[in-house]
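Following are the structures in question.
One chain, chain A, appears in both complexes that follow, with chain B as partner in the first and chain C in the second.
And then the complex of A and B:
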């Protein structure tokens, strides 16, 4: 990797630009006045209290969290099944199935939103949490499948065989060997699934209804008619939650999968 | 006291396996005795791994049968065969420690915790890994990993332990050392060992009997002495050590008459050079074409007068002293001591 001046300058620029929006949002959330401004003219918890005391906000938050949790868990389970099934599938079938799973990455979200809306109306599920969940499952699928499939491909084929010859049945091999070795991929899948679903605006906007709406859609709607700092306060809470989640995952399984898959090879042999 | 091997008799009867048109294993029959150390020897791609995987149960045989201690193996899954396997790449579990790798099979058998601990400790002592119990696999050296793989398989006391080129990734010195250790381990455990290698020296020095394979077929199954002294085919004669293989026409100038369709296998070390050749029943003069001093020995290639095919000879360094490329010398041998082959075999 060349580390000449242009590369370094770019890296430094990125390091400044990445947190820049966060500084504005967090700063503005503490404003005592009813206007989004930065730097804030003072310090207050006013907008945090407003968020916590408004049932509509809390409901939207709860709906988003529930959908995100369900999306993360369900897509991870589905991706696990798909990756295991496709591992030994004929390469043609495998390629076709992978294209289908990764397809949501290729289409504009607005187009997907209209498409989902059409189907959900037919199924009489538009404007329900289930409808949003179904859409989110599709949107999260590529992000769940990729890390799990990559993790699976990294497991040496002889490991399950070694477990078998040592006496393990197929179930024992899966629980004691395959699953533990898939841990980084599964963690990444859960994390991606949760964050992507929790953050999703465009598609959800088509699918929300008078009874059920998600937090990002509510924020977006609120921004359209007033720019008060409650959205900054909510965003700050989300930033905190996301950071907490990432840290937790890192603690539990290590986020090697994001950074470096060859850590083992680099560790000095003792 | 060494355990007397009572189990581990493995019978293979015309076992075959094809991949499409390729006959990877072609009608192999073997009778391996309890506690025997057998090497499968052959060039790359001759079907050694495939046969080993058939014995382990990971690959099915298209035809033929396998019987272990009177029990047919056909249809039994690998985890029910009482067969151990040390993989070529070892296949140690990277998420487990040394102890956890070794105790894996015992835990599956639901043995009691103290029993498992005792057996693991025993296995660790057997392969001299004391002190490394809690290490993770990637914190071990190549030789240490090798031993964990051995301990993991041996702790279950399989009647037959299959080893697929377990030493091929190691450097020569470590390899020699582990060859010795493996041999000792095999005697101590009394298990039948089937050891795959394409290194003939390794096979001949370690095994009680060696099975030589070529293109899926068993060429010969015998003791190292038998393979060397009475090769069953030209392939074996050439694969196991060096050989001068000559037909009747090539031997006529020596005054030797061979029955038709017969070849004579004259080993280089049975060829005498220079003054030492005077005592040999047949001899012929020639020119040194190449000479190689290897330790105390000298390996020579000679072009004998009137003969196209060069001859290989191995003699002591002192016998070859003074010889150089282009020098004249004499090569002699005793045809009575040479093995014969059927031409075309």
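And then the complex of A and C:
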């Protein structure tokens, strides 16, 4: 299967099909009628205005954004600490710790959802933002750890050494040498954390309650009743937000990090 | 571990503890509340057996289709000079919430959806074809949702390859096809198998896509768990089924993981 015509044709077809359902959703969101239609029979902002004037949708959006922001920042800090702690650790200890950090990747989310629900009920935290946040922190941790660990491993060790020799204290070396060099990994970790938490639905759907719910779970609940253009409008906002973050990632660290992280991440696990 | 290191690792340690608590709690509560009797009851239940079987075949077929489609696409991306541009088309849909992507397929596949409407407008159909709420719809949705994972995994191992090996194959008189089957493909197998185990795991535990595209009739394990909790309110059965899901996923994925480790070992030994 060298890259001859059939391979190229199939690849191009897939590159059209992958974003196609999203394009359809965005198109249908501008329909002036109450029916989901593509191409839309006209153009209106009607459903966007309905989204903006429905408190329940706005609250869900706010909850999701707040949890995603907290997840991104907190998991990045935890991952940074863990990566630094494991940097010079004996290799067996390091391998064991990394297996533990990456373990959530090996469990089906439906089972994890029930697992979290079980102890959050006992702790009386089911149906609260805190319960959802804890679950998201656990789910984001592997995605925060990998880019930071990859970045840390790529740092030329002679640079911090040079700083120390030139008289910098450990704090100075960290803040002025190591941390700036870790920027790509930290940026990737923050963006990963935000996106994963903001989109998460499979685990969250077990943990939401009548008072606190996230945007994807609200969309899911609405779709279960009826698929109408207001859902398309909200979905379009999510699509736009995600595309914006991907472009930001492209600018800040390059999309190659997605690919590199994948390879590095599987190595210790294998 | 020194005290400073332990302190740095502590936040990540808390997350590992939260994860461990969920899994351990799941196992403990399934044994203490239902116990072996409940498992026996579930496994003897013809309905559950069908759900289990459907989960396995849908997950396996999803994985196989994703690998067959994902490989040519990854190969195309690996060789394309405009890789970054194409990667945006793969990564953006990948990061959009599963609910939104599944919603796109509801709009496409519904009885009054885009495909049926188009076919009717062109005079090709009198009555709509039923596509939504069929296993085919679930397969299409799952492949769409998980294909990017497969592509990224395969791409990462294609990009790791030393292109000189391929050149050597060609110089030594191999045809393009021979060079592909004897050099490129074997060297990229860790990525293929890694991608397969990831997709298999996620497809086994999927909830949202099978619920929205397959409906309540053709259930998978994830959707069964969901309805045990939210429609039947039977927490014990849901817990036992979550354990069943965990075991099923591990049994399906374990051989792939072993294979991946062996292939990596062999490739790195060269």
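Some points to look at:
Simple rule for what comes next: the second predicted complex is superposed on the first by the 240 of 270 C-alpha atoms of A that agree within 3 Å, B and C clash if a C-alpha of one lies under 4 Å from a C-alpha of the other, contacts with A are read in each partner's own complex, and residues count from 1 in each chain.
What we mean here is this: contacts are C-beta pairs under 8 Å (C-beta built on N, C-alpha and C of every residue); 3 or more make two chains touch, one makes a residue touch a chain.
What you are looking at is a predicted structure, and each value in this text was computed from that prediction instead of being measured.
Looking at the shared chain after the overlay, A:223 reaches chain C, while chain B stays out of its contact range. Of the two partner chains, neither chain B nor chain C is touched by A:92.
In the superposition on chain A, A:177 contacts chain B only, with no contact to chain C.
Of the two partner chains placed by the overlay, only chain C lies in contact with A:115; chain B stays clear of it. Applying the stated contact rule after C-alpha superposition, one finds that A:104 touches chain C and leaves chain B untouched. By the touch criterion stated above, A:158 is placed in contact with chain B alone, chain C being left untouched. Judged by the touch definition given at the top, the superposed model places A:251 against neither chain B nor chain C. Counting the residues of chain A that each partner touches, chain B and chain C differ, and the larger count belongs to C. The intersection of chain A residues touching chain B with those touching chain C, taken from the two complexes, comprises 270. Residues 56-58, 77-79, 83-85, 87, 89, 91-95, 104-105, 108-109, 135, 138-141, 152-153, 156 of chain B are the ones that touch chain A when the two sit in their complex.
Chain A meets chain B in the complex at residues 156, 158-159, 161-169, 172, 176-177, 180-181, 264, 267, 269-270. Interface residues of chain A facing chain C in the complex, by the touch rule stated above, are 1-4, 6-8, 10-12, 14-15, 17-22, 24-25, 28, 35-38, 74-75, 77-79, 81-82, 84-86, 89, 93, 97, 100-101, 103-119, 134, 137-138, 141, 145, 195, 198-202, 205-206, 216, 219-220, 223-224, 227, 231-232, 235, 238-239, 242-243, 245-247, 250, 254-256, 258-260, 262-263, 266, 270. Here chain C touches chain A in the complex through residues 1, 5-12, 14-16, 18-19, 21-23, 25-26, 29, 69, 71-73, 75-77, 79, 84, 86-93, 95-108, 110, 112-114, 117, 144, 147-148, 152-153, 155-157, 159-160, 176-177, 179-180, 185, 190-191, 194, 198, 201-202, 204-208, 211-212, 221-222, 225-226, 229, 238-239, 242-243, 245-246, 249, 253, 257, 260-261, 264, going by the rule given at the top.
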